[in-house]
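These are the structures, in structure tokens.
Two complexes, one shared chain (chain A), two partners (chain B, chain C).
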Partner chain A sequence: MKALMSVGALIGAIGILLLAGMILEIVPSNTVRLVEGYMPMQVLFELTLFVAGFTGLSYMLGTMGMALPRFWQGISFWCFILLYLKYRVYPPIPFSVRAMYGTVSLIAVFMWVSANEEDWKKFKQPIMNVLDAQSGANKMLRYAYLVLLPILIGGFSYNAMVPKSEEPIELRTVHPAPPASTKVHGKTYTLQTSQNPYRVNLEGKFDQEYSNANIVEQGMGRLMKPNANPWDKDAQGYLKYVREGGEIFFQNCHFCHGDNLNGRGLHAFAFNPIPANFTDPGTIAQLQETFIFWRVAKGGIGLPNEGFPWASVMPPWEQHLTVDEIWKVILFEYWHTGYYPRTWD
Partner chain B sequence: MKNSFSLKAGMLLTAAFGVILVAGSTGGLAFADEALPEGFKKGELAPEPAADMIEAGKRVYFTKCVWCHGVDGAGDGPGADRLWPRPRNFNQGTFKIRRTASGELPLFDAKKPTPGQNDLFETVTHGLPGSAMPSWEGILTEEQRLQVLAFVTTQLVKDRKFTDKQSEAQTVLQLDDLKPIPATEESVKKGAELVKEKKCVECHGTEGRGDGNAFNLKDDWGFSIQPADWHKCWNFRGSRQDPYNVKNIFRTFSTGINGTPMPSFADNSTVEERWHIANFVNSLCEREADGTPLAIDPLADKPKINFVVSSGVVEGEIPADPEHELWKNRARRYVAMGGQITHKPRNFVNRIDDIWVKSLYNDKHVVFMFQWDDRTKSVATGKLPWAPTEVNIDVKEQDPKTGEEGSIAAHQNNYTVYNDAIAMETAVKWKELPAPIKPRYLFGSNEQYPVDIVKWEADGSLRAFEGTGWDKDFAERDTYEENIKILHSEWKDGRWTVIIQRPLGNKKDQDYDEDTFFEMGQYIPTVFFAWDGHNGDAGRKMAVSAFYYTFLEPPTPREAYIYPVVIAFGVVLLEGWVLTRRSNKRKGKTL
Partner chain C sequence: MGLVAGKKLFSIMALCAMIGLLLLPIAVSLPSLAMGADAPDAVKKDGEAKVEKGRDVYYKTEGIVVGAPAPKTVDGPRDYPRYNFESRVLLWFANQQHLYYGSFVLAVPIFCMVIEFMGVVTKDKAMAKRYDQLAYDFIKISLTAYSLTAILGGILIFTFLTLYPAFFGYLSSIFRPVMHIYALMFVAESGTLYIYYYGWDKMREGFLKWIHLSLSVILNVIGTLLMFLANSWIGFMMSPAGVDEQGRYLGNIWHVIHTALWNPLNLHRILGNMAFGGGVVAAYAAYKFLASKTDEDRAHYDWMGYIAMALGVAFLIPLPFAGYWLMREVYAYRQQMGITLMGGLLAWLFIIQATMIGILFLSTNYYLWQALGRMRGAEKYQRYIKYLVFVLCCGYLVFITPHTIVMTPAELKAMGGQQHPVLGNYGVMSAKNGGINVIITTTILSFVWYMRGNKVSTVSWSKFGNIFMGIFFGCAYFNIIGLAVMGYYIPANVRVGLSVPQVATTLSCLFFMFALNSFMMKGAKQMGPIEWGKISARSQYALIMLATAFTWMMGLMGYIRSSVRLFWHVNEIMRDNSPWAYTHTVGFAANMISFNVLFFWISILFVFWLGSLGIKKAPVEAKAGVPGGAPQPAGGH
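Coming up: the complex of A and B.
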């Protein structure tokens, strides 16, 4: 038990030191790197480690006779949550969302310290001590509170009342419901039944299994399968079309969606929201190919009413590309990210 | 005195060139030991990477790199023709960002990804900001980055060999051992004199905005190339994602940029002089008002963006002089610009990638000051090929096919010159738009919810348009022009400053259905457009921003001074109550 707890304590201590170092910018903030696409899992894992660490730390401190009072445990755990949200999670979360998480965790801390009567008493004790001011130190503290509290609260309320300009928050619908069918270049495509005509095997037949077997591999780098190079001179069928799709992508799309399809192209920094990140499991990996076809063909201007706020500069690509070119680009996007398009069944 | 000095400098320069020439013609490297420039040491060529690494690298290359750099590494992949600068052509072994002396191959060792000892690895890791080359850190593993470089350096560099001791040598700048000279005022001043003396300003311009010799420079491959704008250090290719680090400037200045007209100054400047120059160039990069570097967004390697352009209140006239105290003290906002690539003619290479906006308002007007770097003042010489209001012009875009003939890079500086221009688009009746409806991003929603566009052009004209939809031509508006005014417009040393005044809008003088009414304390959707006449920008071939918000700062209300005091007093009372209650309880009394 003790050995286990000391391991936990070690993890906790290292974690706290790392976080403090990152906040004070002593340790570079990318020491433990958050990897795109894996970030939520990473954060959850880290938090689990931290909780284990804290358990260990408090146990070890207890056995050494330096147990932290419940009052300070509660406060420091809450501070830790706030700091973690502010300094560790990337990309940064807006203040309003942090405030929400902060409130929820405050309630959680309260529930924890008031789980039973005894705990609650222990938690209250330091507060009561200051109120009663039996010792000199507590008396000082009480006077300090008496003076500081009104000043602080007055200051906060002044700060809240002075006019400020903060960017209004706009929630957005990422994947609006698609229409039943879409008309592109004079032809109507039913989204439920349409297929990518270039997802074909060597015989030229639609073959999702064949194409899925030839996409790039998941994992860091997302590299192509060793024997499935679209740039091979003899590449036929699916792989040949992937190359053609890639050519179109790198002549039209990469300016925004990026060389690695992660939404960080040359012009991306100028736009808000930034262009879609196809390597994120929440975008094309969640969608049917025909949905992508509709979005590519109709662009930002073709978004339905619930697709606000329409800050998308995505052009309706039917104005620039043929139907065949659009299908090929989609083929390429799935190949390059290593995702399977979702199917209807 | 001054005359004789510059004569001396000239002679020294000639002598230096002479030495280089002689050294070059006799094979040079034999002498390298004796004539090692200050701050450099002789290095060893790295061993050839293992065959399995090269093979693994091929897989990385054909997944990630081939799309721009091409099958043979000639910088002619499918993406190449719409990029400027073009992707690197590896065949000649000419690499720009290095710690090795001018003309030499860069440092690369497939076994050592050590920072400071592996130029190519650092280029792939950090990317080349300001170009389409992204940072591959976090995308490719360290191993994969080394593998792909092993493939590129052995298979795609064709004219030179990284391991050939006969023809190659490495003279390495000892960047990590050289201690920077602190950027004191004195050092910066010395640097400012040195950039004139070393003739840096001839290309980079008197203010360092890259406007000195913007048209006649070509790289080794015959493509137009522009001198760097020292005010945008985040666009320095060699910034290594650390743009305010003076060492990067020192390195570029010491080793030069192979394949471009930027020479190495290692032979004709001392290390001390180079630090002064680097300090000066670094001091020019845009900063906050208090002198701290701008916060850089690590995902984009550009300054962080705040989308609220807040306008300060002024009593009385708003000054027309940009040097006026009111303008000087006003906070400015960085507005990022991307190419307009939604409508033909598409602008894949927008030469204006940011503008700075300030704003002031009084009881009648709101005034915007735009400042942006543009290497050239452009006033139309040719007739516009299409009306500036027109959209979806059936224009033949250059062939996207691979081949240098039709590429954007080959076209640079050959465009018919049109007007430089700036415009802002604001939503009309923005208050009426029922949530969640917002004005559609570009050019207005529809007839009912149009946008109001005010455009200034370098020929001095100021015009107003109405946009009624994504795909609609703009309607020119006549009546409104009496109300808008150009307060100031000037191009100086590579920077435009334009001040435009427009009415706040009231129902008596303006048309509610066509004009934007600005209201205090509200967020008014605003988009900015910019044109570079020498880039052939005209009509919808332009640079566009995202949606920003114009926000007229309300003056601090009197309540903000009263209520907090009342609240603080209330807290004191509350404290008194809690304490009395507690002490009563302790004494066993009850109230």
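Coming up: the complex of A and C.
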């Protein structure tokens, strides 16, 4: 048990030192890299490791007779989480989400320190001591709080009320709801029921499973599957149309959406926000192909009201591409990212 | 002997007669449905008029047009008469209050039925009295609320008639027979409820007690049917069926009732009502506990709060799954609606909803951990609570991560685009399913700990049993998280289907682990009694938090469900042309929901106070249920 706790303590100590180093910029922030694609699980794993580490650290300090009071344990753990979210996770997490996470962490700390009467008493003790002010130091602290707390609250209020020249916060809808149907080149498409006419098997029949089986292997760094190379001159059916879609993509779309479809094309950073990252699981992977069809055809200018502030410069591609070309380019986007369009059984 | 048999016969006959009388209104109203009484005269005169056929917008079947098209309203005093106030907000308020009370009075009789049944079947006489007293306390609370529900229902109808006459006229032209049945069933519900309540003393012994219990079953069947009928109206507004594109009724009332979303709505609402009812009663008990002056009262209300919480949470656990089914059906019905709800305009309200769901589970867990404190011998579990807190909060953080992030343009730039490599993954359904299942599984684990808090298993295989349980829970977490990760690498339709094994895993924990734990704890050595009443005040605040969160969430979900129709009274059939056919801001909606919650709690406090004025002593001789050495409640052990 003691050995286990010692390992935990070591992890905890290293974690604190690393984070402190990163905050003070002594340790490069990429010392332990967050690997793209694995980041979500990595963050959870790191947090688990830290909890184990702090448990060990607390245990070891206790056995050495230097136990940290429960009050300070709670406060320091909360501060650690806030600093972790601010300095460890990259790209930076927007404040609104950090505020949510910080509040949940605070609730978690409260639940931990008040889970039983003994712990709750220990946690409250320093607060009660200051409120009771039985010693000189506590009396001084109480007076200090009496002065500092109103100043602090006043400061926050002032900061909240003072006019700022910052751009306002935007509640931008990433996926505005599509209309029930859309008219492109004179033909009406019902978004609920339309299908990509090029998602076909070798016999030319619509075959979702066939196309699903021939997309790139997402988990393996987006490698092509054997015998599923669209650039093979003999490729037919779905793969042939993927190739044609790819040609259209690289003639029209990659300047903004990038060679890897990750929204980092040549012109991408001229825009704010930068173009959509199709490799992110929150974009095309969540949507029906008909949604993409509507968005590509109508572009930024065709965003509905809820798409406010309409911050998209994507042209309405129906003015430049045929319907067939739009479907083919969509086919290519799904193939290249290794995602499957949303379908319903 | 003969006298007893005669009484039994009489009771059964009386019960049958009553059921017959209660069902009579339905039977009377049925022929009119079959005959299509609402068909216009033109149709009835065979051969005189040409029969016009229409195509059902949902079922795609052909039917004879028997109704008028949905009115094309215009903004003005004819279609939208108004006060100098937003009519929609008035309707929102009336509707919400009616729903709160309606949910409460539908849920509480179900609790009474369960508790009364527990009292009847238990062999322990003292416990039987306690259960009976508790069931009686519950129904007493709901009785005043019942009148208020009816009054609020009247106010709601008047609000509809006076502020939205064109819309309500259209709705009632289609649902005419359903509305009549609804009204008649309400009469039946009232009659049964009054017999049930006032007959408590008369029917407290022997066979008559079973008759009394049967009454509660009838009461609940009627109540549930009532709710299903009311659900058909909102189901029709969201996903109309049984009418053609112009909104003309095609003569098949079952199609109109049985819309795409009716069944998911029914299930979701029944579970939601139960969880809500449990929360309100638990909050009532918590309030009484905090105000109690004696140990005896504290013990009673502690126990009452625990039972109400346990019943509420029993229905809370499957609630997210029912919600998931509802949303899945919404998506399948209209992609547009699904995206508006979860990825578009209303996405942030869904994040608030996730936050509230998380609060419900956190409060439940917190209450259970506090409850361990009233058991001697439960200390061994308390030191591990911090790990449960961590697991719960990790699940919670993932569950509440927004897909549409609120940020400044500067933050957007710093993030390098709209998609964050960590948050983006947490913000989608695959991760959220994992998050909520982790939360629920942890709640089940907390319950298992609570159930064995003051006990030590004495079965010979207890060590094996404990290891098995540990491995089972470990595998469950692994499976839930593994499936959540796997969800990113498979087709969307398969991914949606992954929720089934995840839910199955969670429910396996619930059923198998509860069952195994019960076997292990049979004849277990008691480390000490449950000291009812000796629980921290914090636990009671957790119960109040639970109830408030339920109330707030109900208000929120009602608003979301309603506003997803956007500018339609009846989706894609009847357009809302009033000046209020826009979606409120998140801030306004939140304030309005808070106002509704506040009003409900103030009014229900008044109801509780009214209930306490007419305190009638227990139907049994003495107030049963003294704490300390009292037997443990069957609900928890």
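Here is the rule we go by: the second predicted complex is superposed on the first by the 268 of 345 C-alpha atoms of A that agree within 3 Å, B and C clash if a C-alpha of one lies under 4 Å from a C-alpha of the other, contacts with A are read in each partner's own complex, and residues count from 1 in each chain.
We take it that a contact is a pair of C-beta atoms (placed from the backbone, for glycine too) under 8 Å apart; a residue touches a chain by one contact, two chains touch by 3 or more.
All values reported here derive from a predicted model rather than from experimental measurement.
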{"item": "Contacts of A:Glu203 with chain B and chain C, given as first, second, both or neither", "value": "neither"}
{"item": "First, second, both or neither for A:Leu131, with chain B first and chain C second", "value": "first"}
{"item": "Which of chain B and chain C A:Pro226 touches, first, second, both or neither", "value": "first"}
{"item": "Contacts of A:Gly299 with chain B and chain C, given as first, second, both or neither", "value": "first"}
{"item": "Contacts of A:Gln319 with chain B and chain C, given as first, second, both or neither", "value": "first"}
{"item": "Partner chain in contact with A:Glu25 - chain B first, chain C second, else both or neither", "value": "neither"}
{"item": "Which of chain B and chain C A:Glu167 touches, first, second, both or neither", "value": "both"}
{"item": "Which superposed partner A:Tyr158 touches (first chain B, second chain C, both, neither)", "value": "first"}
{"item": "Which of chain B and chain C A:Met100 touches, first, second, both or neither", "value": "second"}
{"item": "Overlap of chain C and chain B interfaces on chain A (superposed complexes)", "value": "36, 91, 166-168, 170, 264, 272, 306"}
{"item": "Complex interface listing, chain A residues touching chain C", "value": "34, 36-37, 39-41, 43-44, 47-48, 51, 55, 89, 91-97, 100-101, 104-105, 107-108, 111-112, 114-117, 120, 166-180, 191-192, 208, 212, 218-219, 263-264, 272-277, 280-283, 285-288, 290-291, 306, 340-345"}
{"item": "Residues of chain B that touch chain A when the two form their complex", "value": "59-60, 62-64, 66-68, 71, 77-79, 81-82, 131-134, 136, 138-141, 144, 297, 299-302, 305-308, 310, 336-339, 341-344, 346, 348, 350, 353, 392, 400, 436-438, 440-442, 470-471, 521, 523, 544-547, 549, 551, 553-557, 559-561, 563-565, 567-569, 571-572, 575, 578-579, 582-583, 586"}
{"item": "Residues on chain A engaged by chain B in the complex (per definition of touch)", "value": "33, 35-36, 91, 128, 131-132, 145-146, 149-151, 153-155, 157-158, 161-163, 165-168, 170, 216, 220-224, 226, 229-231, 246-252, 254-256, 258-260, 262, 264-272, 299-301, 305-306, 308-315, 319-320, 336"}
{"item": "List of chain C residues in touch with chain A within their complex", "value": "331-332, 334-337, 339-340, 343-345, 347-348, 355, 358, 362, 365-366, 369-370, 372-373, 379, 382, 385-387, 389-390, 392-394, 396-398, 400-431, 485, 488-493, 497, 536, 538, 572, 583, 586"}
